[in-house]
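Report on the following structure.
For reference, chains read A, B, C and D in written order, and residue numbers begin at 1 within each chain.
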Amino acid sequence: MVLIADDADAAVNGIEDGSTVLIGGFGRAGLPWDLIDALGRLGARDLTIVNNNAGNGATGLAALLHAGLVRKVICSYPRQVDSYVFEDLYRAGEIELEVVPQGTLAERLRAAGAGIGGFYTPTGVGTTLAEGKESRSIDGREFILEYPLHGDVALIGAHVGDSAGNLVYRKTARNFGPIMAAAAALTIAQVVNIVAPGDLDPEAVVTPGIYVDRLVVAGPAPAVEEL
Amino acid sequence: MTTTTTETVENLNRGPIDRVEMARLAAHDILPGSFVNLGIGLPTLVADHLTPGSGIVLHTENGLLGMGPVARGDQIDPDLINAGKIPVTELPGAAYLHQADSFAVIRGGHLDVCILGAFQVSERGDLANWHTGAVDAIPAVGGAMDLAAGAKSVHVMMTLFHDDNTPKLVPTCTYPLTGRGCVSRVYTDHGTFQVGPNGVTALETFGSTVEELSERVGINIVRLSNSV
Amino acid sequence: MVLIADDADAAVNGIEDGSTVLIGGFGRAGLPWDLIDALGRLGARDLTIVNNNAGNGATGLAALLHAGLVRKVICSYPRQVDSYVFEDLYRAGEIELEVVPQGTLAERLRAAGAGIGGFYTPTGVGTTLAEGKESRSIDGREFILEYPLHGDVALIGAHVGDSAGNLVYRKTARNFGPIMAAAAALTIAQVVNIVAPGDLDPEAVVTPGIYVDRLVVAGPAPAVEEL
Amino acid sequence: MTTTTTETVENLNRGPIDRVEMARLAAHDILPGSFVNLGIGLPTLVADHLTPGSGIVLHTENGLLGMGPVARGDQIDPDLINAGKIPVTELPGAAYLHQADSFAVIRGGHLDVCILGAFQVSERGDLANWHTGAVDAIPAVGGAMDLAAGAKSVHVMMTLFHDDNTPKLVPTCTYPLTGRGCVSRVYTDHGTFQVGPNGVTALETFGSTVEELSERVGINIVRLSNSV
């Protein structure tokens, strides 16, 4: 059964210290900014955050980092023009970083949702990111073994949801939402609006309701920060 | 593990139950809001006994979440079938999935309950339901092994005895396995049982005492005790 | 570039003896019957066929088997009420059979399309279908190693295609089409009609055109055979 | 392997080419109907030189096949961006993909060409473009390793020399690798090269002879021969 939360604070209620939190979005597209801010207000600590990046500017994910709530970031691309909050913490040794190639990050999330115990990928073979990883030659090509990446919680931004939890996305805001929703024990989605079951085309549903636990209608998106 | 004050119910003033009653019992134990897959054969009957409004969502592994009742008349659409290849309907809130996504639902542990038929179930919960092991039999597994390995709870619906009166609840499966230690509950005409690491516990019997069933099946079936 | 073929015979032109042919469909839903019949007329021999089943009745896939064109069938469920053509060949030792659990079949096809060298699955552990396969304990659970299943050709049945090769499906006819399209070197799809690029909603495209090489508009579906 | 009658072209009556000319050359070599991914930075310029009607489809790894030009004015939509987080447009025939599906396109070998920037490329085609190896640098890889491992052809666009005049085409990469032996062609301001198991072959030079470039880069660059 899907919980329709009154607001983002109610939606993130109960997220515990020490959780691994999968956070969707690539840039601003699909970023669940309302849920991220609520997570900051909730104040759960010692979090492991999985996102493609490590926060920008001073708001959103960067604010969680700045508030000292995050122990570790697992991402593909922490270095951006305005990722100074992460960079300062990282250089000060106050935050852990696991850099994962973007496709491997996606596939590890997908494996977690799909019950795959591990998989062999050609990505990263011969690089420092393969160091310490098991490798194997299959059909004459070298692969490295990667493991699933499970979340205790996923916070994702979708476009429209129905009250059964089915979701559709909008353009490139789809990005990590569908695979994070399936990879987490508790999936919380912010949407622009919620419709009745039957109002979404069952052929076009991207995330079926089985992967969604809580829905909330997000407030208006914040303005783009000056860079 | 959990404390219970329930005792095994022995219904002795009646005979074994029929398939419809078995289906009703199996349906009754599914929690509201559950995601459920019903195997081909006997388990499909369970769909008729789910409470409307319970929010239970049916999955069929050929690619649909939110499956509705069997299609009749004008509803029949050759593109909308269940895993048994029977025309079915879709309910509001349904979603279609391709085969990799549909089995990701199963393997990923997202189904709350799967109800399967069986040739044999062992007292430890091993399941044999895909192959009789006969030398000339054509092996055919379909999605049974995925369901056995993937669903959070695997329940079995079967008659307790084969036509030749040999029991289907056995110390060790002699038919080829579908999955090891996966079954937790078995609905039969003579009773409903828990199976698993602690062996077989009768939850309810129909027409026999627990001791009579123990003897006829040939394995030690215990009663629910007041405090486990 | 997608080839729009005039008819099914033109669409299957060039499929070679010895090919591994992935054939979509589950029951009649999504079965590319027009392409299968054309493959029979083409007469390519020594084929390995991958399908969920092993043919029904006397037509379609069963006709390919009956004509002696098929060396091996890889499927999950060859035993059906009317699969007598396969059964007779199998009992006579005239055809090879590899039985694969349906979800493992799907995941092996998905792995082939996604460049995964192998994956660990819990499906089949402790069964005869795991015999001879490598197993491994991961986080306290036992898994077996499965490898990708590549096709030389995929024949699939979709609903509507655009001339860029994007496909949408209809209801449970979606089944194996999307994963087979990605797993084959040459993908041929039969559709009900072909529209212009832009006529399909890009949010609802299930198989992107990158996976499709040839399209053909199929004739009317054959009547259901008496069982 | 293949027989060719082409010879290396030395354009000596001019200086090195600029980034626009490099982009034009890289675009010219992409076959009609190809599926192409253009990396962040210099390679994005290639999009401006693709022939309309060539049927070339651009992929951006954040989840779009059929990407159109950069968005201007009213076209700007925060939900429609490329891998460099720049607002872009979609073309008719586009399709959106989630991240696992988008990288399945890459890793599965479905992209015909990927054009990337680089810090260094070795004569055997090793690529270094994600990390300078500096001790205090924040490592950030994005989709570069997936593209290096997955695309059928990996082409590089870069200036031939760093600002300090050290060459980027090197015997062995000293920066951390993105991928081993993955690059087949390199477009630079001083020339276009094939790299791989047979070392570096100049296809065309701008402002220098092959021998002059060999000496300045410090590796043996050979000419195309009439029959390889």
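In the analysis below, contacts are C-beta pairs under 8 Å (C-beta built on N, C-alpha and C of every residue); 3 or more make two chains touch, one makes a residue touch a chain.
Predicted, not measured: the structure shown is a model, and the values here were computed from it.
Peer 1: What whole-number Å value describes the gap between the mean CA coordinates of subunit A and subunit D?
Peer 2: Each chain's C-alpha centroid was found; their separation is 30 Å.
Peer 1: Take the average of all CA coordinates in subunit A, do the same for subunit C, and state the distance between these two points in whole angstrom.
Peer 2: 34
Peer 1: Which integer distance in Å separates the CA centroid of subunit C from that of subunit D?
Peer 2: 36
Peer 1: In subunit B, which residues are in touch with two or more of the other chains?
Peer 2: Each of 90, 96-97, 100, 103, 106-107, 149-150 in subunit B touches at least two other chains.
Peer 1: Going by the touch rule set out above, which residues of subunit C reach two or more other chains?
Peer 2: Expected reply: 107, 110, 114-116, 121-122, 169-171, 203, 206.
Peer 1: Is the chain-to-chain touch network here best called a line, a ring, a star, complete, or other?
Peer 2: Topology of the interface graph: other, matching no listed pattern.
Peer 1: Spell out all pairs of chains that touch, sorted by label.
Peer 2: According to the stated criterion, the contacting chain pairs are A-B, A-C, A-D, B-C, C-D.
Peer 1: In the complex, go through subunit B and note every residue touching subunit C.
Peer 2: 60-64, 77-81, 85, 90, 96-100, 102-103, 106-107, 126, 131, 136-146, 149-150, 176-180
Peer 1: Could you list, by residue number, the parts of subunit A that touch subunit B in their complex?
Peer 2: For this pair, the touching residues of subunit A are 1, 110, 112-116, 162-164, 166, 182, 196-198, 202-203, 205, 208-211.
Peer 1: Write out the stretch or stretches of subunit D touching subunit C in their complex.
Peer 2: 32-33, 35, 55, 57, 59, 65-66, 90-97, 100, 103-110, 149-150
Peer 1: Can you check the complex and tell me which residues of subunit A touch subunit C?
Peer 2: 107, 111, 114-122, 136, 138-139, 141, 143, 147, 168-171, 201, 203-204, 206
Peer 1: Once bound in the complex, which stretches of subunit C touch subunit B?
Peer 2: 26-30, 76-80, 83, 86-87, 90-91, 97, 99-107, 109-110, 121-129, 169-179, 206, 221, 224
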